[in-house]
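What follows is a single structure, and I will ask about it in a moment.
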Amino acid sequence: MTAEQIIFLIVGAATLLSALLVVTVRDLVHAALWLVAALFGVAILYTLLNAGFLAVVQVVVYIGAIAILFIFAVMLTRRQAADTGAALNKNWWAGALMAVLTFAGLAFLLQGWSGFSKTASAIPSGFDAIEQLGGALTSPVGYVLPFEVASVLLLAALVGAVYLAFNKK
Amino acid sequence: MNEWLYIGLFFIVGLIIPVGAIGVAWILGPKKPNPIKQSTYECGIEPIGEGWVQFKAQYYIFALVFLVFDVETVFLFPWAVKLGQLGMFAVVEGIVFILILIAGLVYTWRKGMLEWV
Amino acid sequence: MIPLSWYLILAAGLFSIGLFGVLARRNAVAILLGVELMLNAVNINLVAFWRYGDVSLMAGQVFTIIVFAVAAAEVAVGLALVISVYRRRNTVVAEELDLLKW
Amino acid sequence: MNFLNDPLKVASDWLTGIFVSWGMNDVFAHVLVVFLGIFVLILILMVIDILLVWIERKVVARFQDRLGPNRLGPFGLIQPFADIIKLLIKEDTTPAGADKIVYNIAPMLSMMSVLILWAVVPLAPVMLGVDLNSGLLFIIAAGSIGTLSIIMAGWSSNNKFSVIGAFRQVAVMISFEVPMLAVMLIPTIFSGSMGMNAIVQSQDIWFVLFSPLAALIFLIAAIAELGRAPFDLAEGESELVSGYNIEYSGMKFGMFYAGELLHAFTFGGFWAIMFFGGYRFFGLELVSPFLAIAIILFKALVGYWVIMWVKYTVMRIRIDQMLAFNWKFLTPVAFTLVMVTALMNALLRGADGWLYVTGMILANIVVAWVSLEVVRSTGKKERERVEGVKQVVEAHH
């Protein structure tokens, strides 16, 4: 077992454990903090996959913005510091069954796929992912359309969210 | 991969130092808790209720606008890196991208959502 | 070297946990937390397929970034909905939002 | 290759040799040496941090026409060390009802978020730290962890003041992150890279000459990001006592305090790296790496001094004024500047150095002038509107 594999196993286990705590702990601020831990684990996985830029972006977007937004929303929508009531609904076992079945199904499907245990080839030297990304995002034969559509999507989200949450009647 | 190992080491050492400092302080400092000392500080007045107050919805609005612009700049950084090698077309693309999001800011502004009160 | 299968299994696990959160949580904010986990599972897959395929094809990374934008939009609108409902009905428990049953 | 030309390599080779001769695996010895190197770097940073306490107190005393610490040691130099000893032996209280784990993690994360920034600081041509190709965004990522630690500290203390303080501080930090991210695009456009070293290397002419407005916006946003005056309303002692860290005592408070000072110093360094040539100074950096380190530390200190100067000169402004200033002025100006810079950069491509500089400066002046003119006319209209309302009210009486 190589060092990389050991790091993967530790980080992967920590990520999954944090994710489990996200969906089970009752205090929502704690759940949001566990989400931060899980997403940080995912960022480490990106660095293992040689996608450093995405790892940094993951931290900037998820921990710096989305987690903060979640905590703000939790603080805005509760009356007391202690949450009342159960964390899970009464049909949670059906949800658990669904999740287990999904996982089993995915694992079964993947396991039958020929490229399943592929290993990666080395990154060519001088390969700069950010520059490649910039080229892909702006080249007319690349992803210009998704690039511009993303900004329209963000605009729509901003307008929609502002209208929804705070439309003064 | 290698460079991220160093960053990881930085994280570890960056945690060891404050943990060590706080740990040493914990060992050296006296520990005599009492209920008055541990009560929540509210300028001498008895604390009433939980440590939670009604928040302004405005905090959420600012976080929301921030989130949108944060994601936007993530798209713009690769664009800026590559810009020196690209033609006018790419510059115009980036400007259109920014203008679309500025429109969102203007909408929020016009709706009066950027006012604090 | 880590085989591709490890990443795929991890992503499948993360996706299932997120699915469980969406189906089982009572609080609407917590449901959105579950959705975030599912989106991240997708991202792991995208990046892993980029890395294990031809790295000069940037589709995997480009769509990861697009998923970031989608996640941001989803959280923004989703939480705005939750806050809007909270201001009208004074609850964030998904089961109690049964206005459409009438 | 001798010690004076590349001290880091010589030292690390020597140490690796020793470790290998002890029978260690090559890779493991290398990692251990790097670990020790980082440890030493961070210890040096902590010593600098302690000295910063002294500098800050001395400088503020001078601004306020006082003497500052002068009893302990020459010029009071021993004073901060005495403070450390005091912090170490103080009792550490945890308020009742606090969320213990989150409460204890927050100060550590706060300090860590500052220390890891030094991973990407290029100290000398041969001491680059980690030359990440996404270095600029790494600063923002580390700042995100700092933001999170503030919210954790405020929330877990179970105190109304601390929660309000944390929320205000976070609202300000995330708001000013937008213009900061925007102006970070400008050095990226000039140098064609987000790596710190590439940015430093491409500054044959300092970027502040290309884009003085961007340097100014970065400074303002950095001050807000640091939560220092005039943007320190989380502290607002007359209303919030001390903000998010109100319940912290002893070394845990010390972590927040030391973190803030080191953060300010670090941002002085980033300001220097992005706009003032980093470790470069007319070729002096090539003479010796030690000289290069001295140059970057000096520039960082100058940046830190400017931040202190602002802090002790300008009064605190209200949160609504501050957020309005950010969203209605700084953010639009920053994005306009990015668009104009991208356009000018494409138009002036191939132009020789001084023509390029002149064009860029002209663009900056135009952007600054137009935005100030817009603010002036809006202010005038607003004043007339308020006057009009006043007259109507008076006529009504």
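Chains here go by letter, A, B, C and D, matching the order in which they are written, and residues are numbered from 1 within each.
Just so we're on the same page, contacts are C-beta pairs under 8 Å (C-beta built on N, C-alpha and C of every residue); 3 or more make two chains touch, one makes a residue touch a chain.
Everything numeric here is computed off the predicted structure, so don't read it as measured data.
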Response to the item:
Touching both subunit A and subunit D we find B
Discussion item. From the mean C-alpha coordinate of subunit C to that of subunit D, what's the distance rounded to whole Å?
Written reply: 33
Item to complete: Measure off the straight-line distance from the CA centroid of subunit B to the CA centroid of subunit D, and report it in whole Å.
Response: 14
Discussion item. From the mean C-alpha coordinate of subunit A to that of subunit C, what's the distance rounded to whole Å?
Written reply: 6
Worksheet item: At what distance in angstrom does the C-alpha mean of subunit C lie from that of subunit B?
Response: 21
Fill in: Where subunit C touches two or more other chains at once, by residue number
65, 68-69, 72, 75-76, 79-80, 83
Worksheet item: Among the residues of subunit B, which ones contact at least 2 other chains?
Response: 3, 7, 50-52, 55, 57, 59-60, 63-68, 70-71, 74-75, 77, 80-83, 85, 94
Worksheet, complete the sentence: Where subunit D touches two or more other chains at once, the residues are 132, 134, 137, 158, 163, 167, 174, 177, 194
Worksheet item: Every pair of chains that touch: which are they?
Response: A-B, A-C, A-D, B-C, B-D
Worksheet, complete the sentence: The answer for subunit C against subunit A in the complex is residues 1-10, 12-27, 29-30, 32-34, 36-37, 40, 43-44, 47-48, 50-52, 55-56, 58-59, 61-66, 68-77, 79-84, 86-87, 92-95
Worksheet, complete the sentence: In the complex, subunit D touches subunit A at residues 27, 102, 132-134, 137-138, 140-141, 143-145, 147-148, 151-152, 155, 158, 163, 167, 170, 174, 177, 194
Response to the item:
In their shared complex, subunit D is touched by residues of subunit A numbered 3, 29-30, 33, 36, 52-53, 56-57, 59-60, 63-65, 67-68, 71-72, 75, 81, 128-130
Discussion item. Could you list, by residue number, the parts of subunit A that touch subunit C in their complex?
Written reply: 2, 4-5, 8, 12, 15-16, 19-20, 22-23, 28, 31-32, 35, 38-39, 42, 45-46, 48-51, 53-54, 57-58, 61-62, 65-66, 69-70, 73-74, 76-78, 83, 85-89, 91-92, 94-96, 98-100, 102-103, 106-107, 110, 115-121, 123-124, 127, 129, 132-133, 135-137, 142-143, 146, 150, 153-154, 156-158, 160-162, 164-165
Discussion item. Going by the contact rule set out above, which residues of subunit A touch subunit B in the complex?
Written reply: 4, 44, 47-48, 50, 52-53, 55, 57, 60-61, 64-66, 68-69, 72-73, 75-76, 78, 80-82, 130-131, 133-135, 137-138, 140, 144, 147-148, 150-152, 154-155, 157-159, 161-163, 165-166
